[in-house]
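We call the chains A, B, C, D, E and F, going by the order they appear; numbering starts again at 1 in every chain.
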Amino acid sequence: MQMHTAKRVEIVIEKPLESRLTDALNEAGVTGYTIVPVRGGSGRSGPWTREGQVGRAGMVMIVCLIRPERLDSLLDAAFAVVERHIGVVSVTDAQVLRAERF
Amino acid sequence: MTEILSLAGSNLASPIILSFALGLAAALARSDLSIPEAVAKGMSIYLLFAIGFKGGASVAAHGIDSTLLKALAAGIVLSFGLPFIAFALLKTLTGMSRLDAAAVAAHYGSISIVTFVAATSILEGRGIPSEGYMVAVAAAMEAPAILSALWLVARNGKGGRMEPGLMREILLNGSIVLLVGSFVIGMVTGERGLAEIAPFIVTPFKGVLCLFLLDMGLVAGRGLRQSKGVLGGGAVLFGVTMPMIGAVIGLGLGALIGLSMGGVVLLMVLAASASYIAVPAAMRVALPEANPSIYLTLSLGVTFPFNLTLGIPLYVALATMMIGG
Amino acid sequence: MTEILSLAGSNLASPIILSFALGLAAALARSDLSIPEAVAKGMSIYLLFAIGFKGGASVAAHGIDSTLLKALAAGIVLSFGLPFIAFALLKTLTGMSRLDAAAVAAHYGSISIVTFVAATSILEGRGIPSEGYMVAVAAAMEAPAILSALWLVARNGKGGRMEPGLMREILLNGSIVLLVGSFVIGMVTGERGLAEIAPFIVTPFKGVLCLFLLDMGLVAGRGLRQSKGVLGGGAVLFGVTMPMIGAVIGLGLGALIGLSMGGVVLLMVLAASASYIAVPAAMRVALPEANPSIYLTLSLGVTFPFNLTLGIPLYVALATMMIGG
Amino acid sequence: MTEILSLAGSNLASPIILSFALGLAAALARSDLSIPEAVAKGMSIYLLFAIGFKGGASVAAHGIDSTLLKALAAGIVLSFGLPFIAFALLKTLTGMSRLDAAAVAAHYGSISIVTFVAATSILEGRGIPSEGYMVAVAAAMEAPAILSALWLVARNGKGGRMEPGLMREILLNGSIVLLVGSFVIGMVTGERGLAEIAPFIVTPFKGVLCLFLLDMGLVAGRGLRQSKGVLGGGAVLFGVTMPMIGAVIGLGLGALIGLSMGGVVLLMVLAASASYIAVPAAMRVALPEANPSIYLTLSLGVTFPFNLTLGIPLYVALATMMIGG
Amino acid sequence: MQMHTAKRVEIVIEKPLESRLTDALNEAGVTGYTIVPVRGGSGRSGPWTREGQVGRAGMVMIVCLIRPERLDSLLDAAFAVVERHIGVVSVTDAQVLRAERF
Amino acid sequence: MQMHTAKRVEIVIEKPLESRLTDALNEAGVTGYTIVPVRGGSGRSGPWTREGQVGRAGMVMIVCLIRPERLDSLLDAAFAVVERHIGVVSVTDAQVLRAERF
């Protein structure tokens, strides 16, 4: 099966920032992503869990598959949103089927 | 005084308060009891819809009081003004950074709708009538405090920019829209509409409130456990003093504009309570560097339980003394 | 005519319709108000269970009418037949591809159970009785339309294969099973069973329906916003014409087989309404190349609100005129 | 005998049992009908809160019976003792490994609160009173059986260590805390508290129970389908024999300590029922090598339906015969 | 700790197709996978979110860890299902503990 | 954008073990992780889905991003918990923004 090189970017960010991040991605030309719910986690600001979150809106995980040459613009856009906020950005090498979709 | 105590006592022994206490105790004992997020959110939608609708239907029944506009104005003034008092008090009592203090201040200008609902339910239990439009006042008080907090930060040249879209987000946040929307529906459909859905929004209301407060107790308890040591003594002192200051100011304003005794109590409760839903979300966007543990623990772990258990009976007693029932 | 208008007016001012309008407005204004998916699904399970059970209990009370079989047959004929009319109408009014037109047609042969529930509730409010077994007719009408649509596509040699297992999936989809199952339970346990659980499935029913329609409004509004420009004027025209055509045919068939006035209205409503749960899921499997935005927006964003607000009162008025009440 | 059959018959035709049957049938037919996890959990929280509260309020009304402590002791003895009988029976009837047998035994010493709730509801329907504190006995019986099972395994030198923290986890697991907590709230607030929230926890109770049992049927049916062939004939025989042995021992103990007829039935039901929430979770931590399919299928797929349909009427009949009603 | 080379395949697909995909995987001999819920996303067919999805059944994410030599048969099976539908398939190099499980 | 080498560890484990695993991670000095809900899956102990899980508590997925040199202590800690239980551990090479967070 014919595969194509891609980057898999995974961003964990606070839920109130979600629409700001996806807007920024859209502006950077990234229109493909998948949002996964997050049940809890831990980081420098301590542990938290989702059950019965009153007030704490929680986090979400956004997964983007993109062509390698577009990685930098994606990261710039993401960083501008994540910068002042709680959150993590990681990148992995990947292969994708159906490159016409990216 | 003995009357306050007996009132507080009978309040403390109600299923509503005891459900909250159960949740708190379970969380502090690290039980795995928990209410699914979706169910908790569903219950809060139910409560907002019911309280808004009932308020609107009551306005439809009694006609719009000439004090409605005055009450709205009083609420907005309180929401704008209280953050400044809170900020000054925090600077006196604690060593909090300006940023954290401003973020906390925003919460105390805004309101806690569950505290409001609990107060309504206590008033009803004691047969004290109140103005139906007070839910509209509650909605009007949610947002202005955020602007005051941002102004407190900006004055200091410390970020806290009003991001584009944030104002729209705050004004159209789910709980404001639902509260105002169901208030309008209640007003339009009136007593007839209320009769149609009363078996859903009136009779089981108190029971749902119990389960909801069970969840609030669980959340508050878990928050207290996870942020042990975040609050110093000064902050805790603030968490019980500020509501009383707010209540007294609310009492004055309410009496001034001529609200009924029940209405005055509700305005006191709104002034005394601190937000834990709308404002925290706004703060994460507008003041991300402020520490959420501080403002959530204060609002949810200190002020909310205080109001629920001692505060409300105290405000009822105060209003009774000052205005007479 | 004035009677239709006044009926429509009183319908529009009901808490049910206004809740839908609130959701719609909130979504169009981009409020973040939302009802958790699990809660929305829980409410729809409640509504299906309640409506099925009540239908069954009513059949147990009044005995099985000799028209039951005729009504089932009429429903199945409508479900098979309406897609062909819809398809022809779409080809006339719009430039849609055959594939998209067939997918849309399937939706209009099938039914919307919430529209049915709303109609039941309006009939009850006006004291018009109807046959309890109409919920069984509703269940029978869910699936046949899908076969007609697939045949419309296959005739053209354009894929749309009947995947193995798809038929079983459609016939055993959750809402059909729950509706038929609770209908049977209601029939078996009768009035006594109904009395046992009436405080759960009867008295709070209308209130739950309000919250459910709030969610439908939110979903419809969000759909309309996201698929702006997907529908041309011809498609929108189809979305309000097709229900009226369906209703008129339903009226004829219902009168022919001798349903009561209320039963005729319900058959009209079933014919007029368009599916937005069972059929879309089946289309994603059977006709994946058809554009879901088109059929969802039409069914949920155009036809559903039309039926809810203007359609049902119109059908009631029509049936009253033709059959007399 | 004919009386037992007619009782069983009228039990089988109740909405509660039929809802369970509907769920079971839907799952076995591979329908996609499903109730969201959050909603199912929400309903179980509702049921626990309601049953605990009502038990406490009833104790407040009737005073604490001198048999309360005896009943608690009897429950704890049953929970500790039944696993040994279950283990011996399993070794006789099946070829299960010691580990699996011990894990299964733990389930049968503990209890199923839904079976208890269904029995309460059947007793109420037949007008048989029972001691309100039996819910406290139910809570007391949840955990001891786990210790017996671990001891059965440890005796064999086969792992099954009591991990640090596990005991606390078991004793503070959500359902025990909620049951005991709401029992205490009911006791403190008494009839007055119950009156306040009865429209939520009393009148719609049976209807919620129907939907909950629908879900239980779905889960049991799916479990049976996925673990086809896991249970041999001997295991199935165990699944219907063990409850009857438990019920008879419960009958003897209940009569001995002087419970009312209704109380005896409830003790029988507790002894006869098998856990499917608290114990499985504990087993995954303490005995991870034991096969969950075996104990879940037995408890949920065999014993639960048996008790619900035939067991409870049988226990009522037995108690009536032995103690007289 | 002894690690073993593996491939991590991540498939995002419409929910109504889920059982068809897992059936196809089973037939291709892939019996290990984990299904993660998806809250929303965006692609060529536009953005969507899960809250209040009436009619739109949403998507799911399926994660499979497999031995590298079995990748092709997995991809063939997955592609047969995904082909005509909305969805994305990506592959990453990974290491796993406890290879006896794959 | 400056990126730093890291390892992405993904652990799928039974929910009743979740707190034991996060405790073990904390003890091993891993304080950053994200927990993702799991809707269902399949493995040697057969397929399962989450809807209406009575008794079966289900699984969760824990994602940790860590510096490569800390991988071994993380895996040791994770393995001690996962060892006797149902569960899967996989590791991928990744790059992260903002290394000061790890």
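The definition used in the following text is that contacts are C-beta pairs under 8 Å (C-beta built on N, C-alpha and C of every residue); 3 or more make two chains touch, one makes a residue touch a chain.
On a predicted model such as this, the values are computed, not experimentally measured, just so you know.
The minimal number of chain-to-chain contact steps leading from chain D to chain E is 2.
Shared contact partners of chain B and chain F, listed by label: A, D. Comparing mean CA positions across the assembly, the chain most remote from chain A is D. Put simply, the C-alpha centre of chain B and that of chain C have 41 angstrom between them.
Chain centres here are Cα means. That of chain C falls 34 Å from that of chain E.
For chain A, residues touching at least two other chains, in rising order: 36-37, 47, 49, 92-93. In chain C, 34-39, 42, 204 are the positions where the chain touches two or more neighbouring chains simultaneously. According to the touch criterion at the top of this document, the contacting chain pairs are A-B, A-E, A-F, B-C, B-D, C-D, C-E, D-F, E-F. Touching chain E in their complex are the following residues of chain C: 34-37, 40, 159, 163, 215-216, 218-219, 222, 226-227, 276-277, 280-282, 284-285, 288-289, 291-293, 296, 299-300. In the complex of the two chains, the chain E residues touching chain A come out as 10, 12, 36-44, 47, 49, 59, 61, 72, 75-76, 78-79, 82, 88-93.
Of all residues in chain B, only 13-15, 18-19, 22, 25-26, 29-39, 42, 125, 203-208, 210-211, 214 touch chain D in the complex they form. Those residues of chain E lying in contact with chain F across their complex are 1, 3, 6, 8, 22, 26, 31-37, 60, 63, 65, 92-98, 101. Listed in rising order, the residues of chain C touching chain D in the complex are 36-39, 41-42, 45-46, 49, 53, 168-169, 172-174, 177-178, 181-182, 184-185, 188-189, 193, 196-201, 204.
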